[in-house]
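Chain IDs A, B and C follow the sequence of writing; residue 1 opens each chain.
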């Protein structure tokens, strides 16, 4: 795809780190008993962010909360529409899930369908006391009634735009950045 | 009476040793002259053969016409139409029909049918054993009187060597050659393809080359001891060629035949379980292909044929293990042998190719065909040795479509088939 | 997860698969194995899809495994056996399969005694065709679960010495294993009588040995194939007694294996023939884990193949 795009930086590494720490602090504020909290990342970048949130909590509170990964690919609602099948990864959760407050962590919240699939996946492990959602970026355009409890940045986007998250721990970039990718409609002069 | 003239071609007749530029004149169904191009007369039909070879009508001594009894696959009418389209003026039909050709009445039926419906000459091979069951002798004498030109249990092979010995002894009385489909049933077992690398990979039961060679050896033994002509059909294995070579060097009356698929393809063609490549004997390995070509080059293998074996589409559209063996061959054999033996491998020249389809089979079966001589039957095949063409299976006059050669690019083709002084097919 | 994608609608064998594709299958199977450890062992991925188990050649174990795999993916399953199908009335395999396709199923798992049967159907049908064993040709899911087990227990397949013992010539399990193992970089040695393990197999990139005792000490994995002395094999070896004494994994032989050598068998086991009863139950035997892994592998295969692009849905 070679259609021209313009990249608008939304968050730089410093802003991302601040957001992670703020989300961590809000989680601590909301949960009296951190031993019953599980920070669960949604692959791919949600996992990295979840690790950072859990580590940030550990920094301020002395011990990190339980950590997990939930791969929601097998629970998607678009299997027959999407070909080839979405790649699946291994999930691992701190069991049992009963009695825990699960905080799902994802990088970008968009239609809400990934979160719905993640909720579905979670239910095959048991019945957590509570499930909350943390997202680094909320770009709007929801298709399901799902809202984040913790969010780094809220921005308004249109369907043609994309959010590009690059984390130096995972991607071949020097610094963490979140971009807004806009298709360029006017011809370059 | 008007004349039909094939004019200004290269007249190439190995049987008589003629190789010269000129014209062949046909009148009343026979050849009346060959040599310098005659003056035009009123009523002459003249075909210009510049750049072409005028050869005696080609003979395919291994063809399954499927009548009586299997006309869904092919009839005498459609099979001979395919023969004509392939450049053949005479075919010898195999006896594994339903019923088998093991009685004078069946021989007569076929001759009658051919007289009505066939556009080329049909000669009949009679079965060696009753019902081709390999247990008792068929009425060889009566069939000889009825005019069969060969005896064979083709499709099957007499396993009882004593019976085969008696059959050969008996056939000798009538001076009719015995042709054999060389296959030892025990060594072959339920083999479906060549026993080699590919049968190992594909997990299909393999068919050892020894299964063919053993019977070739049996036949050499019988030909030598009984002093009678035995012809080994559709050879496929390097070992068979070697046995034949050694025996011929001793003067044994043994001969061999090659079908084009055995050098056009190898067992690798079966990698996708393509039933269009399931043959009996099977496609073998590169080493066998090389030995077969060598066998043709040094004269060990004397005769070329097709083993034209039509099968209905639905019969081949099944799991590999259930599919019948065999493919069509009449329309592609000259093109394949020309492309592979003459042009690509330069194993033989066109004169030799022609000999292997005319003088050699005529000599084996004592046919009154296979030569262009004054007074001879007016059968001729006009060849364009360098014509490049692509085989289009969909246009075949055969009832069946089981050929793996659709779309193949070939060089060399018969462009006109003349039977009894009349064109029965032209490109 | 990388950008690797599975694009084949069928799984007819492993011979034409790349190492990357096999690895993708194994990684996907790992994810599905985890599902089997959950409270609710079911995911909705194939909800509304219909799978037909068409076992022309009978089998209980493999069929149940595929049935359970489909059920755990929320698919509906229909079981048809050869004897209860219209094949007994003379209908051809092709016609039977076209009829199944006309019922708008999404996939057919086929086990058949004719080599090439799965490929035959895959070429003619628009739905996914999964080979559960076709004659002596291939049994891809069995080899995948074997390789998965090796990878899980030993960490990797590359560089491992895998010894396969038994009737290789007539074995689809052996063939599929040879392809999977060689593509993933294992060193394979086939062991058995010359009649059942001809030298020709060397051309497939494996070693051939007639002496089990000589290779035992060096094996990282020993995979025993079931041996039978039925009509087909009677001319290939004289009997089970002699087979066991030459090629059976007896207790004394098992004692000479490396301590971390895996003992595998595709099942069902002939206790006392290809493997001693005690050895089959020993800690190095992973035979039961193979079964568990088989379920995960089959879920992965169904998930990927039914999700792959199809040329056209229903003609």
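The criterion applied here is as follows: a residue touches a chain if its C-beta (ideal position, glycine included) is under 8 Å from a C-beta of that chain, and two chains touch if they have at least 3 such contacts.
Nothing here was measured: the structure is a model prediction, and the numbers come from that model.
Compare each chain's C-alpha centroid with the centroid of every protein C-alpha atom shown, and the nearest one belongs to C.
Across all inter-chain contacts, the pair with the most C-beta pairs is A-C.
Averaging C-alpha coordinates per chain places the centre of subunit B 45 Å away from that of subunit C. Once the centre of each chain is set as its mean CA position, subunit A and subunit B turn out to be 75 Å apart.
Note on chain placement: the centre of subunit A and the centre of subunit C lie 39 Å apart, centres being C-alpha means.
With touch defined as above, subunit A holds no residue shared between interfaces to two or more other chains.
Looking at the complex, you find that subunit B touches subunit C at residues 196-197, 200-204, 272-273, 314, 317-322.
Against subunit C, the residues of subunit A that register as touching in their complex are 43-44, 71, 73-77, 79-80, 82-92, 120-121, 123-126.
Residue ranges on subunit C touching subunit A, taken from their complex, read 1-2, 4-7, 24, 27-28, 30-35, 38-49, 73, 300, 303-304, 306-310.
Taken in their complex, subunit C has these residues touching subunit B: 15, 92-94, 112-117, 119-120, 135-138, 169-170, 172, 175, 198, 200-201, 203-204.
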